[in-house]
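Structures are listed in the sections that come next.
Below, chain A partners chain B and then partners chain C, in two separate complexes.
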Partner chain A sequence: MKGAWDEMIGADGRARAHCREYSDWLLAQGMDRLEAKSAEADALFHRFGITFAVYGQAEGTERLIPFDVVPRVLPQEEWLLLEAGLKQRVGALNAFIADVYDAQDILRAGVIPAEQVLCNSQYRPEVQGVAVPQRIYAHIAGVDVIRAADGRFLVLEDNLRVPSGVSYMLENRRMMMRLFPELFVRCQVAPVEHYPEVLLANLCSVAPRGVDHPTVVLMTPGAYNSAYFEHAFLAQQMGIELVEGQDMFVRDDILYMRTTRGPQRVDVIYRRVDDDFLDPLTFRADSTLGCPGLMAAYRAGNVTIANAVGTGIADDKSIYPYVPEMIRFYLGQEPLIDNVPTRVLRRPDDLAYTLAHLEELVVKEVHGAGGYGMLIGPMASKDEIAAFRARIIADPARYIAQPTLALSTCPTLVNAGLAPRHIDLRPFVLSGKDTTIVPGGLTRVALREGSLVVNSSQGGGTKDTWVLEQGAPERLDA
Partner chain B sequence: MLLHVRHETVYSYAEAVRYTIQALRLTPRREARQRVVSWSIQAPGRRIEQVDAHGNMVHYLTVESPHRELRLLVNGVVETDETDGQPNSDALQLSPLAYRTASSLTATDAALAAFAADAFAGSDDLRLRLLRGAQAVAAAVAWRPGSMQASDTAISAFQHREGLCQDQAHVFIACCRALGLSARYVSGYLYAGAEGSVASHAWAEVWLDSLGHWYGVDITHARPVAGQHCRLAVGRDYLDAAPVRGMRRGGGQERMQVTVLVSNSPQQ
Partner chain C sequence: MLSRTADHLYWLARYLERAETVARMLEAEQQLAMLPRPAESAERSRRATLMALGAHEFYDTRAPGATGDVLDFLAFDREYPDSIVSCISRARENARAVRGSIASEVWETINATWLEMRTFERRKGAERSRNLFEFVRQRSHMIRGVHVVAMLRDEAYHFLRIGSFLERADGTLRLLDARSSSTAADQGAIDPHEWTVLLRTLSAFEAYRKLFRGAVTPQRVAEMFILRPDVPRSLRRCMVEVRDNLHAVVSSTSAETERRAGALQAALEFGRAEELLPPLLPAYLTDKIEQLTLIGDGIARDFLVSEAVA
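Right, the complex of A and B next:
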């Protein structure tokens, strides 16, 4: 797309100041060497067995998600701004969820219409009135950030249920250090390897009151889940048990796991199982993935579930447009990172504008996921637009509309050599007693030329994400 | 009215069960217009009490020693008010809005939505419309004990044209929600007279916005809920309010026998 911001090359065609060190090195490499390194990476990933899907693909489609050897590099000052903005945003989102399941001040104040929240299928009445430690619900948040053509960062989406992809962040870094150790001597890249440690400390900090040395487990749906590798990887890195629902049981509102030495009390669950499947006595009765009675232990305050039950209410697309208002309401601050401008088609003005500009806009179904129920105007045919127009008119409240954004690009190794490809960024925000973000996150890249879709299911790959520990180094020749 | 309840549930299993956990919603709700005179639940194993988000009293029962049979016996007396519809707004835990969105069991399709628009029309008084709607639902979904599995969806009950009181309640609730009303499922007991055939029962409540309270409608009998009804639990649908939801390890084939007696005088 014309006019996209390039992360490495400035408008003058020269490398941006913070990237010069890396860019000089990159240009000095022959294409042969880069391609050889890329092939080496593929072989190593295959050998490690990192062949899982990040974004909920169909069962049985395990495959390698392409890894690009050219990193995305962020200068420290930009990262500090992003970090502050993300902490602010996730802080407000946590305050919002805590409020929804408690006093509902924001609804009473009329900042968000009560029915937008309480009639939402993501609202979980089962946890209304349940107090959680530190009032934190989204302990792990994966916030999808993009950079617009003017260089500003915008939040595209908040993932507050069971966000995945962090194992790519860790594995990509490990791979880069193995392929190009010399680079990490030249460029001062902030480390990310301590993520599992920080995650564990975060989970311990939200243990039920009075538990000093909590037992933390990672609850997985099992080996058939597309992100099972990540579950096993994180459990192993944190040194905690990887359990399935059937490995645990409840007695007198207390959760135990079965061990070879008898039942052991569990205090904190890092769950990678959706709300609906957590407890067949409370949610879907046909769930075989959950632990019956878990919600009784939870309501009694005897176990912490991370992320908490009910966080989906804050990452629903119909609630997203209100996040800036949440920041003002709970924190009394202006948002440091903006939303993508979003039209809510429930509003007549927004509906009229959208219907008049369908060929320019992206229209999304509020409860849709994975690109279903979505129209990308500039890529759609006349017939597709006409069909979508009819669906919108039939039920406007189900849709939001956003401009088609020129995601920033980053040089990427493709068949023809190095070429710009569109990228996004998913940093992982950890909230507990403190809020922590390991510098960087997961950079996803749309490998097809011109494509704006970074999802792995549609030809997306990943890159290492570098946050430099200092500003641009002084250069003798500058 | 004084209601005397005896409710026995016996599960028998082909093989030994190693672990059972059940959520029992078998205790009358604590509300101003029904007062528990006496109430007991006899059951094996361990038990702990909670109040859920809907304000229902829940007992979580666990049995960890091997068992081939599990017997629950509920005995009690409850006194109810006679007011029609049992208007109820006390101890509101959840906003009525939480009961306005279709759940999986109360979703509607085009046919059911069209039925709702038609059957609930014709009066300025919402209560009258609800009773008409109840009549239409009871006619469209005939009450046939044992004709279906409980916890089927409203759509399938409406297609089959018959069902249990649970199914009638689900269809009624689905219609109300399709019309933008907040409606909830009620599980409880009914005193149906000396010859009555219904004792364990289900009905619905609809939020009357203008009056600020819930209004109970017995769909099976197409009349307002009154003193003959004792309320055990409410929820968005059967799954929230079911008298027993349980899981077990082992046991193989299960047989369940339920006997419910509700009378207006002490009984054996």
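Right, the complex of A and C next:
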């Protein structure tokens, strides 16, 4: 797309100041060396088993999420801005969720229409009035940030339920250090490897009151889940048990896991299972992934669930447009990072505008995820637009519309050599007693030329994300 | 440790060991095929291998009568759950389910082995199993080596060891069973070459030479693999290991299983070589295989299958 901001190359065609060190190195590499390194990375990812199974295909078809050997580099001052903006945003989101399940001040103040919250399928009446430690609901948030053509960061989406991808942030770094050790001597890249340690401390900080040495477990749907590698990886790195629903039981509102030495009490669950499947007695009765009675133990305050039940109310696309208002309402501050301008099609004027400009806009289903249920006007055919128009008119409240943003690009190794590809960034914000963000995050890249869809389910890849510890070194020739 | 985790570790170890046993058995079969002997005796020997592994019924549904492709079947048939390729896949599935509980290097070695099995599978004809048995044996050594040096001596380690030694004991008995029933069927005409081949495929020929003078006899081979405490694959040696590791994980419910393991070990310690004379050997082996099965069931009951509400 024309006019996109490139992360590495400035408008003058030269490397941006903070990237010069890296860019000089990159230009000195032969294509064959980069390609050989890229092939080596693939072989290693296969050997480490950093793969996911593809459903409905013969045994042995496990896929890799493509990894690109060219990193995305952020200067320290930009990271500091992002860090402050993300902490502010996630702080407001947690305050919002706590308010929704408690006094509902924001609804009474009329900042957000009450029916949009209370009639939302993501609102969980089951946890209304249930107190949680530190009033934190979204302990782990993955916030998708993009950079617009003018170089500004914008938040595209908040992921507050079971955000994934952090293992790729860690493994991509490990791979880069293995492939290009010399680079890390030249460039001062902030480390990320302490993430699991920070995560564990964060989970311990939200244990039920009175528990000094909490037993923390990671709950997975099982080895056939596409994110299973990440679950096993994080549990191992934190040194905690990786449990499935069947490994636990509840007696007298206390949660236990079954061990070789008998039952052991569990205090904090880092769950990677959706709300719907947590407890068949409360949510979907046909769930075999959950643990019967878990919600009773939760309501009794005997176990902390992270992320808490009901966080979906804050990352729903129909609530997203109100996040800047939340920041003003709860924190009395102006947002440091803006939303992407969004039209809410339940409003007649937004609907009329959208229907008149479908060729330019991106239209999203409010409950869709993973890049599905979405129209990208400039890329769509006339027929696709007509079909989508009919769906919008049938139920406008199900959609929001945004301008088609030229996501920033970053040089990426493709068949034809190095070429710009669109990227986004998902930093992981940890909230507990403190709020912490490990510098960086997961950079996703749309590998197809011109594509704006970075989701791995739609052909997206990943890159290592570098936050430089200091500004670019002063150079005489600059 | 979670009961489910212990279960996966135990089976992970058993399947790896089983893959190695099958590879050793097939290696013996491959060597025997090169000896000058009548077609019927080769046929009998392959049939005995199938019987010893308990694979004959499944095999007969595949290729009734002839046993010409037993090697390919036991190495590569994905539908037969105890073929080498199936054992490695099952070991890898179990490892994947507990990759957080085993050292990463252990997981990577198992995963790499699983990936490389596919290059064997893609080959055609006789090329398929060339070097396969050696490959499986070496990978097995490597995985063992990695977990011995990289893993904490905690419950995870002990459950792996229990699985390995129980399965190895079982495998040793089945290897002896295959040879003794095949030679018994040859109307007592004992072919010393068969037993030499067995020694070689169990990596024990040199040890035999150190322990015994003179010809290789079935009785001495049996004595070596059943009663001697210093032979690494012997039943007695394996039971010492099973007991030690079992002792390290005892729970309030495991007394009966410990007693059984102890009783078997005592019987071996005070056993006599006369019990192993060729006419007595097949029944002796069957009895010991049954005892191992009971111990295995006990371990599953005491540690691995979790009670609904404890």
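To be clear about the criterion, the second predicted complex is superposed on the first by the 465 of 478 C-alpha atoms of A that agree within 3 Å, B and C clash if a C-alpha of one lies under 4 Å from a C-alpha of the other, contacts with A are read in each partner's own complex, and residues count from 1 in each chain.
The rule we apply is simple: contacts are C-beta pairs under 8 Å (C-beta built on N, C-alpha and C of every residue); 3 or more make two chains touch, one makes a residue touch a chain.
Note that the structure is a prediction, hence the values are computed from the model and not measured.
**Q** Under the stated touch criterion, which partner chain does A:Val340 make contact with: chain B (first), chain C (second), both, or neither?
**A** Neither partner.
**Q** Applying the touch criterion given at the start, work out whether A:Arg251 contacts chain B, chain C, both or neither, answering first, second, both or neither.
**A** So A:Arg251 meets both chain B and chain C here.
**Q** Please work out whether A:Ala300 is in contact with chain B alone, chain C alone, both, or neither, and reply first, second, both or neither.
**A** first
**Q** Would you sort A:Glu241 into first (chain B), second (chain C), both or neither based on which partner it touches?
**A** Second partner only.
**Q** I'd like to know which partner A:Leu118 touches here: chain B for first, chain C for second, both or neither.
**A** first
**Q** If you stack the two complexes on chain A, which partner ends up touching A:Val414: first (chain B), second (chain C), both, or neither?
**A** neither
**Q** For A:Arg47 in the superposed arrangement: first (chain B), second (chain C), both or neither?
**A** second
**Q** Intersection of chain A residues contacting chain B with those contacting chain C?
**A** 249, 251
**Q** Inside the complex, what are the residues of chain B that reach chain A?
**A** Contacts found on chain B: 19, 21-23, 46, 48, 50, 52-54, 58, 60, 62, 64, 93-95, 97-98, 100-101, 151, 236, 239, 245-247.
**Q** Residue numbers of chain A touching chain B in their complex, please.
**A** Touch residues, chain A against chain B: 104, 114-115, 118-121, 123, 125-130, 249-253, 280-282, 285, 292-293, 296, 299-300.
**Q** Flag every residue of chain A that touches chain C in the complex, lowest number first.
**A** It comes out as residues 46-49, 59-60, 222-223, 228, 232-233, 235-236, 241-244, 246-247, 249, 251, 256-263.
**Q** Using the touch definition from the top, list the residues of chain C that touch chain A in their complex.
**A** Residues 1-6, 78, 89, 93, 96-101, 104, 107-108, 111-112, 115, 118, 155, 159, 249, 251-252, 303, 306-310.
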